[in-house]
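Read through the structures below before going on.
There are two complexes below, and they share chain A, which is joined by chain B in the first and by chain C in the second.
On to the complex of A and B.
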């Protein structure tokens, strides 16, 4: 029974639990690494749904505690902004 | 670029209360909120609040928002609020925030002090087909029903028997949705008994030590399998039950929404009792960054009542740090802490009492 591919971890970018677990087993054990490969956390919600789930999976599969898993970098903006809107802004 | 003395991010119970206190002390406040109207989660709370008289026990949540807003109407030009606007980031190099109104207008804000009262986001749980239409956070369902008047489904399964799960189950029933069951992975109900009793009285079963195993459906939710879990949270084989539902509500906890504080470089600690990573702060609600304060669910997942008092403390202390002379500062500060301590008594807040000492530094942050 392989249900892991039916579990969507990042809804914005359609990344499944199967993909996440596969990557962790291959040695990608930080949220940032997994983000760069799968785009998990790079959609409209900017990781608010998937971040905690990915950290928990990393912790579970590596035997570490959650607080030992490095948090990703929280760069602004925290919500997608269209380039045109930035270009048109009167503030520079 | 807009300049202000105090920027408050978030216009829920914490942010509005912070604004009231800061304005009272003489400060100029700009409050930015992403909602269409101010009040945060209060505007969808149709139930009466508990807590203390100072924090409007016995009053319905949306009424509390009205009371706070009418208080702010007396502020004159010391208070400005911008709604439908997300503070999108903090740029530490020049101390400037970006903000986006709707999807169209971007501008910058430069405050002297900032109070982050951004609240929380809903957690989710990974189960098969959790991306089907019909799977919602319980808070989202409450917004749909109580703010927009939309009935979210016909038959619901609620996951989580904390206060949000219990209250939203009752409100679903009030809206004419049949709540098939509430499942709770813990061996006992997490929320107040009075909320649990209300939904038991109208015949909604609560399955403790149960979790959702799988969601079914093709184009949308058609049902779910629930299963009993043992003390190690493992599913017990053979205990599966099928629940027919077109609506799955996840009330599985909240996490503090604190991206801005990460960007400001505030010291954080992982404290599960408080909802995950939270900013370390002193009793003035000031973080390790001298210009950043925090209040409400962004500081720790608690109740609206405690959020309001934390807001008052943050507003009062941020104004004081700007040099405003507040003759009754000590008296107010101590009274607020007494109220907090008294609200945090009792068995339901035990986790909070365990978590807070890890988040609050004993000595005030001594910022130069």
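On to the complex of A and C.
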């Protein structure tokens, strides 16, 4: 069993530990770059699980501290919202 | 970091990476790309991904179709998937005058070999069965238009350029350009000086600041545009939907998610990139009116990016006459990603041979001084 290949880091977008480690080794050492290449963190949960795991992997492979790894921007909405619900709001 | 290079490119978006790749492909491999953040972190990575040849000026039609031809073979050329989807752009007119303009555009496009056409409401509904055509007076369609992944495309250019010897420095910000006796001598960065005789300004919304380093004033300014993406569903819309009077674009990516946006009501000249609740609601209303059956679709994320606007919404391309060795490829006004493959090639040709395979003289920054602005009728 290939362990890295079987460990899913981003469950929304099916990104494995193997893919993440491969990118870090190729020099992509920010969460943003890994997100842009693999879509990790772009799914419905917006990186709630994978973000911290990816930061930990980057820290581990680059020898940096977790605090030194830049955080990606947190973007709204906090939870997915139906377009139909948004369209019906009447606050203007 | 290199201390000297034949060419230094400022900006690691689609323009910078495509210019770098094309220079290296044509044999000029001593090239450095400076990016103050990471690749595709600015306007390119925030853009709407659209690619089209349905334009209203000859220049844009020529650039558009030439770029589509490159996009069609780009995954193969660069050795990485760029996420191309050619489902066409379906243009929707809600006013008679707008439809007349679209028809004139199609006549111009056809005269240049672009096989766009006017289509009926029935045909529009065949292309996008969930479309509510109420209020629409006419439609045009070009099957080779579509969209590609701006992130994957830019990374593919960057990786291919690196394989040819180009060096790309992230978190490396240009802070000055040294000019001596009217010639470029080098670029100062936060990590030291790089000596060079050629600098290409591909700084997008920061192109004005970068030009000022060399003492040149170009009228490019940033303008915030907002956009959102939904959860993925099975493919329900083949074409990208766009309307100038309706002020929207809506497209479904191969991944299944919908991306959509519209032009801002306030045209603020600022580097601000915040998101607003007003956009979220406004976009939702437009979307639900157009595709009512999809009102249950959820928004996953919204963000903003800068259009790098020029006064006539056309790019500034070419060499700067008063500073030898200084070139500009910026001011794309919301269309930089789709033009990137062709303008990257043209700029490399210009730098290496002084000539381009498509004439771009009319896109010189000097047009603003001469009052020769280009009016493109087909922009959102």
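Structure notes:
What we mean here is this: the second predicted complex is superposed on the first by the 90 of 92 C-alpha atoms of A that agree within 3 Å, B and C clash if a C-alpha of one lies under 4 Å from a C-alpha of the other, contacts with A are read in each partner's own complex, and residues count from 1 in each chain.
In this text, a residue touches a chain if its C-beta (ideal position, glycine included) is under 8 Å from a C-beta of that chain, and two chains touch if they have at least 3 such contacts.
Note that the coordinates shown come from a computational prediction; the quantities given were computed from them, not determined experimentally.
Because the two structures share chain A, they can be overlaid on it, and in that overlay chain B and chain C fit beside each other without clashing.
Once the two complexes are overlaid on the shared chain, A:86 sits against chain B and chain C alike. By the touch criterion stated above, A:66 is placed in contact with chain B alone, chain C being left untouched.
In the superposed model, the vertex angle chain B-chain A-chain C (Cα centres) comes to 140 degrees (nearest 10). With both structures placed on the common chain, the touch criterion links A:43 to chain C but leaves chain B unconnected. By the touch criterion defined above, A:3 reaches chain B but does not reach chain C. Of the two partner chains placed by the overlay, only chain C lies in contact with A:30; chain B stays clear of it.
Of the two partner chains placed by superposition, chain B and chain C are both touched by A:76.
Applying the stated contact rule after C-alpha superposition, one finds that A:11 touches chain B and leaves chain C untouched. Between chain B and chain C in the chain A overlay, the least Cα distance found is 6 Å. Residues common to the contacts of chain A with chain B and with chain C across the two structures: 46, 75-77, 81-82, 85-86, 89, 91.
By the touch rule above, chain A contacts chain C in their complex via residues 30, 32-33, 36-37, 39, 42-44, 46, 73, 75-77, 80-87, 89, 91-92. Contacts from chain C toward chain A in the complex involve residues 38-41, 45, 151-152, 155, 229-231, 255, 275, 278, 280-281, 284-285, 287-289, 294-303. On the chain A side of its complex with chain B, the touching residues are 3, 6-9, 11, 17, 46, 48-49, 52-53, 66-67, 71, 74-79, 81-82, 85-86, 88-91. Of all the residues in chain B, the ones that touch chain A in their complex are 1, 86, 88-91, 98, 100, 103-108, 121, 123-124, 126-131, 214, 255, 257, 259-260, 262-263, 268, 270, 272, 276-277.
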